[in-house]
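Heads up, the next two complexes both have chain A, just with different partners, chain B and then chain C.
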Partner chain A sequence: MKSFRIILIVLLSYLFVGSVYASEGKGLEIATEVDVRDRGFGDTTSTMTMTLFDQYGNSTSRKIRNRTLEGTDEGDLSLVIFDTPADVKGTAFLSHTKKSGSDDQWLYLPALKRVKRIASSNQAGPFMGSEFAYEDISSQELEKYTYKYLRNEDYQGLDCFVVEYDPIDRKSGYSKQIVWIDTKEYRSHKIEFYDRKESLLKTLVYKNYSKYNGKFWRADIFEMENHQTGKKTILEFDDWKFQTGLSAKDFNKKSLKKVR
Partner chain B sequence: MNFTNSSYGETLLNNRLIAIIFLLLITVGMSFGAKNLYFDNDYRAFFGKTNPQLDAFERLQKTYTKIDNVQFAVEPKPGSNASSVQILSAIEELTELAWQIPYSLRVDSISNYQHTEVDEDDLLVEDLYEFAEQLDEQKLDAIRTIISTEPSIIGRIHDPNHRATAVTATVQLPGKNPMEVVEVVEASRLLKETIEQNHDVKLRLGGIAVFNNAFLEASENDMMTLMPAMYLVILVVTYLMIRSIYATAMVVLIIVPSITFAMGFGGWIGVGLTPPSASAPTVITTLAVADSIHFLVTMFQRMKAGHSQRDSIIYSLSVNGKPIFLTSITTAVGFLSLNFSDSPPFHDLGNITAAGVMAAWLFSVMLLPILMSFVTVKPKETLGSLNNYMGKMGEFISSKYKAVLIISIFISVLVTAAITRNEINDDFLKYFDEDITFRADTDWISQNLTGLNQIQFDMQSKKPNGISDPVFLNKLETFANWARNHEVVTNVQSITDVFKRLNRDLNGGDVEFYRIPENRELSAQYLLLYELSLPFGLDLNNQIDIDKSSTQVIVTIDDLTTNQIKAWILEAETFLKNELGMDTVAAGPTVMFSYIAERNIQGMLWGTLYAVLIISGIILIALKDVRLGLLSLVPNLLPAALAFGVWGLFVGQVNMAVAVVTGMALGVIVDDSVHFLTKYQLARKNHNLSAEKAVVSAFSGVGTALLVTTIILVAGFAILAQSSFGLNSAMASLTAIALFMALVADLTILPALLILLDRKINKSNASDNVVTA
Partner chain C sequence: MGYFARIACVWLLLAIQVKAETSGSLEITGSYFPKSLGASFDTNFTAEAKVIGYEELDDFQLEYEIIIRKSLNDNGKDIVEPRQLFLSKTFGDIDVYLGYRHTFWGVAESRNLVDLINQQDLAAGISADNKLGAPSISIETYLGSGELQYWYIPRFRERTFNDANAHPGFGMPVAPAQFAHAKGSKASDQAFRYANSIGDIEYAFSIFDGTVREPLFLVQELEQPMIAPYYEQMRSVGLELQYTGESILYKFEGLTGTQSGKDFDAVVLGTEKTVYTIFETQWDMGILFEYQYDERAQALIDQMIVSGVRLTANDEFDTNLLILYTVDDAFSQSLFGLEASRRLRNGMTLDINYLLYQSDRQNLPFYSLVDDSELSFTLGYYF
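The block that comes next holds the complex of A and B.
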């Protein structure tokens, strides 16, 4: 009888461990599928309006242009050009996403006519004073997280996988992210960000998805709400273009000075 | 004789069951309100909704991150200092773990201070240090130089002489539940224990969150220690007075439902308990017992004279019914004057106490007679000798009334003159007694690390992105430098330090460039670069608003008196206006507390006037004699003045709570003069006595009762004066002194004045029919 009980416990624990493995495996599978479905976009350009709201509804906007080149061995390359406010016009931010470790980042300061490398490993601070951290909007490389499939859930009429993303970078501002990904097109619809004490910090909602070049889904609106401070940031994308002919030459330190 | 009003007593005793059911229903009904009571442990509760300093502060908090925080100050072991590897390492762990405190938004310390460094075109922004134990001496020396010189660190989170260092956790409480503060403080205390065990250091806890929690602890402390002491005094004094265990127990039975009724009432009107309002039960106990004593003393006296217990109860009700009602009403009116205070906790104290006093009246004239009718009690020999002594004192005052008058006027003038020696000082962190740990810890922090008073200045450029404008930045810098030139200023937090540092570092570390960047594009782009380099939680939202049009300068100043702080604020605001053309006003808790006393006094001037007018009106109606009514103003108003004088002589420092004393004490004080004058009037009119003889009659008739009730009241307020909360203790001490002074005035100046003024119109009435009962 006793030995039977032990066998049962062992079996059950195998089952349990097995299910954890299964959920990790399935989480990674889903994240990989998200990544695979977006492969081959080549390069994109878009314009973006970033509007910051405080908890009392006061707001302020800035305009930015984005250029992204799909990475081959390493992560994506991206360039952000600031158009407003006037005093930062022409400032350009270049980043090379890494699969492990900190991304390489440079900023061109037109007032100083110099390119400065941002040599810090801090990528969790707010981007331009917004509710988005750099790590929220930088290219989501598979290697930056471990994954755990949680459940399937309906989100606004879409059947979604709910997957937990656990950041590997110990300087990340988050303990975990919970992501809602629809089972049909593998698009992210909602992300909940949990801070280091595992309290819900922010929620990001993606809205107005459109399909480009018959394959690539892009959302036009990112709404990020901070639950702890009541502040909100909305990103509105416009003018998405794919495969515009950008190359690695357009994403190096030298090109940064000449960017228009 | 005086059985005209006996019908009430008869009716009551014939319908005991109905009366008890009625009292039970209203008490139980009212007590349901108690479920709405909660502890309001936020210092902002002390400020009314229309308080302009609160308004300025709230506007500031809407723009920038709140500054509710917990400060962990690390005290080095003797012989060591706050830059030792051991402490650096403790700070590192503490900084990491402080992120786990509930509702924490950011954590600041020397370890996560964002140090900037340049290597050619690389800008490195990172924590000042990591893994302290593995650092070599050279690196440690570099760290020590920075933490003893960097303007944004020294005098804020690190003492330049390494006597202390601190970790500050900023918390944003959702404000949905008063227990949030408790959660934060409990987590902080646990963290403190962990660090103390792991690193052999001593930690001290300061900050606004801990300050708020101290309100709760002070209230709890008071309830645990003061209430039992209060009951003990009541039991002892009542027993000594009436020598009946049963009657003493009945007095407690009157107090308990009175408090229940009052606190339930507080719940119904939505009171949040703060130390002042939480002291209401103690005050009610003190006041309620006087009613019972008056009733019981008369009843026992009557029984001793050979009347039956039932007749004595009815007699006592008929004699005391009116005075007990009158004195209850005046006391309630006095407490209601607290509604004129600028500080809501005093409204609550006033309203709850007023309700309690009226409940005590109801229970004394309904429940107590019924309870006394259920058992047989025997009258015992009580304070007879005291009665004789009182009579003698009356004779003495009558014969020497001129001397008494001259001496008392002389002393009154002398003592009253000392009122001017009082200085207002609302050092709010010192509202708490040394036995509350918060007080000891903040005292240590203020001596070794940083001032406790933070004054915030919302510097507005009035243009989007205007903070990058060099003209604006230079104004900020001028102000910051001006502030730093003051001996009392321990730290000035200004965004200009960041700009200067960046300008230097982005120009190859050239110290020549440690100045405001020359154009706005440079500043704006530096700021963008810097913001991109900051880690989670350490953003600039606490210093800059969202459209970068304004920034706050936070000035930390040493322990100063309220007047010194107000003077400094005025100087700063004048400098901003005249030298820099900015109409910025100072804001923050320190500013709010600096002006609260002034506002409270202004409000209470009206409140006191209202109390004086209404209470005098009530006395006039009761005595039906304008002359006596006007005369009563002297012994009613003088005691408060004398109390402030005595305070000026022996203490000299007052806080905002003292403003409420005059109006509040007046309601209690008048009881004595009402009792005395009623007796005097009775002797003059009904028995046609001369002024001298009427005074003696009043002395022997009510002297003992006045003495005993005053002893109880003074004892009650003296116990409340032991409160660990400064506003309660100051208010109670002054009230106790005023009540004592009132007794003295009623037994000296009042009779002397009565004789002086009434002697001439004495008709030489031969009737010597002195009635003493």
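The block that comes next holds the complex of A and C.
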């Protein structure tokens, strides 16, 4: 009887461990498929209005332009240019994303004509006073997380995989992210961000997806709500363009100084 | 000033003709000098307007940044300044610029030894960020993955100074400048710079040959005593290095060369460590430490130690605070500086600056600056 119990425990634990491996494998498969379906976009440009809402509903807006070049060996290159508020007009932020380790980042201050290399371990810090952290807006490389498939669930009429993304980098501000990805087009629709104490911190909802160049899905609205502070940030994207002919030369320090 | 004013007006008219896209700012600064002595004023107001524009012409790009400044009590601050006013054209990978330009070289926080292109608009304030446009022909291109610049500056621009009784003032009028070079202000400068990065290290190498930006001062005993700026000639090599770690920066700026026949070395060494989200808030705190060494005659003090704290709120108002404490190596004279800034609402900012000089003895350079200690508030409107 005792040996039967041991066999049962061993069997059950094999089953349990096996299912964990299965869920990890499936989580990675889903995340890989999300990544594969977006490969080959080349480069994109877009404009963005960022509206910050405080806990009382007061809002302030800023206008930003984005340029991204798809990475080949390393992560994507991205350039963010601020058009408003007027006192920071022309300020530009250049990021060379790394698949592992810290990204390389530079800031251009137009009043001083100065390009400053900045330390990049600040990924958990807020981007421009918004509810988005630097790590939320930087390019989502597959190698930055481990993955766990949780379940399938209906989200707004769409059958979705629900996958847990666990950040590998200890400097991430999150213990985990729960991501809703539709099973048909592999688009993210909702992300729940949990802080280091495992409490729900923020929820990001993607709205108004459109398909570009017959293949690449982009959402026009990102709504990020901070449950702990009551603050909210909405990003409204406009004027998405793909394969505009940007090259690596448009994403170096010299190009930062010539940004218009 | 009349000369620049005329040029500025012509270019502004031209810019309006071509319907250039313009932006700019209007700043009003109120200053209080709590330790003001003698004939000096203890309050002042200064207004500064800046117009910035860019336009694509048929064959060229036109870019300008014109500053017009008027002070209530200090005529030395009054200026119409083309900090930028140039035409540029791109030939493949080569950019060519002609006109008044503004640039920045260097990596350090407290002093940029290698930042030699622009003359300092010292009357605007002690920050080296106040610069005069360099009348120049300059070329920028790529060399491998790095950036190469060449500058030819055919005409020297003199440093601006406050009135005799202003803050800081010499207490006597400023006489016409004198020069080591026989051509005086018509002597030309040339400069090169190559900048690149390897992994976490940014580096730049530069060469300068021309008139020194920082003058020496000669007292002239004529009918009335006057002070004459005297500009020497310099040939120098500069090196900039910055290592960027995950939350720490290490910086080096070195300048070595010859000034009027005498060899010199000057160095700034620095580090800045940033602690993110202090006390579980969104604030970041940077701790700075820099060491300055300069054996040239124009350096008021050979060795200075700078320590400081930078606080960044990461809020929607871009609130930040920088405190720098600069002291000489004998700890006998110091400058405490505080800069705080915050956006009040879209397009409107408030800056608070405080400078406090201290000196143990009358024969030290900072002693004469103690009465120039200043508290100022700047309201900025940007459009």
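Everything below uses one rule, namely that the second predicted complex is superposed on the first by the 259 of 260 C-alpha atoms of A that agree within 3 Å, B and C clash if a C-alpha of one lies under 4 Å from a C-alpha of the other, contacts with A are read in each partner's own complex, and residues count from 1 in each chain.
The rule is simple: contacts are C-beta pairs under 8 Å (C-beta built on N, C-alpha and C of every residue); 3 or more make two chains touch, one makes a residue touch a chain.
Predicted model only: the values in this text are computed from it and were never measured.
Student: If chain A is used to align the two complexes, do chain B and chain C fit next to each other or clash?
Tutor: clash
Student: Could you figure out whether chain B or chain C reaches more residues of chain A?
Tutor: Between chain B and chain C, the winner on chain A residue contacts is B.
Student: Does the superposition put A:Gly129 against chain B (first), chain C (second), both, or neither?
Tutor: Touch partners of A:Gly129: chain B and chain C.
Student: Tell me which partner A:Leu112 touches in the superposition: chain B (first), chain C (second), both or neither.
Tutor: Both: A:Leu112 reaches chain B and chain C.
Student: State whether A:Arg196 touches chain B only (first), chain C only (second), both chains, or neither.
Tutor: The first partner, chain B, only.
Student: Where does A:Leu52 make contact in the superposed view: on chain B (first), on chain C (second), on both, or on neither?
Tutor: Both: A:Leu52 reaches chain B and chain C.
Student: Give one of first, second, both or neither to describe whether A:Lys171 is in contact with chain B, with chain C, with both, or with none.
Tutor: So A:Lys171 meets both chain B and chain C here.
Student: Considering only the touch criterion stated at the top, classify A:Lys207 as touching first (chain B), second (chain C), both, or neither.
Tutor: It touches nothing on chain B or chain C.
Student: Between chain B (first) and chain C (second), which does A:Ser120 come into contact with in this model arrangement: first, second, both, or neither?
Tutor: A:Ser120 contacts both chain B and chain C.
Student: Just chain B (first), just chain C (second), both, or neither: which does A:Thr91 touch?
Tutor: Touch partner of A:Thr91: chain B, not chain C.
Student: For A:Lys215, using the defined touch cut-off, is the partner it touches chain B, chain C, both, or neither? Pick first, second, both or neither.
Tutor: Neither partner.
Student: Going by the overlay, flag which of 470-478, 632-640, 650-658 or 668-676 in chain B ends up clashing with chain C.
Tutor: It is 470-478.
Student: Name the residues of chain A shared by its contacts with chain B and its contacts with chain C.
Tutor: Chain A residues touching both partners: 52, 54, 60, 85-88, 111-112, 114-115, 117-122, 124-126, 128-129, 171.
Student: Can you list the chain B residues touching chain A in their complex?
Tutor: Per the touch definition, chain B meets chain A at residues 62-63, 65, 99-105, 119, 121-126, 172, 464-465, 468, 506, 519-526, 528-529, 531-541, 544-548.
Student: Of all residues in chain C, which touch chain A in the complex?
Tutor: 23, 25, 54, 95, 102-104, 129, 140, 142, 145, 147, 195, 197, 200, 202, 242, 244-249, 274, 276-277, 282, 284, 313-318, 343, 345-349, 380, 382-383
Student: Show which residues of chain A lie in contact with chain B when the two form their complex.
Tutor: Counting only chain A, the residues touching chain B are 52-56, 58-60, 82, 85-88, 91, 93, 105, 107, 109-112, 114-122, 124-129, 133-134, 171-173, 195-197, 199, 228-229, 231.
Student: Show me the residue ranges of chain A that touch chain C in the complex, using the header's touch definition.
Tutor: Residue list for chain A touching chain C: 52, 54, 60-61, 84-89, 102, 104, 111-115, 117-122, 124-126, 128-130, 171, 249, 252-254, 258, 260.
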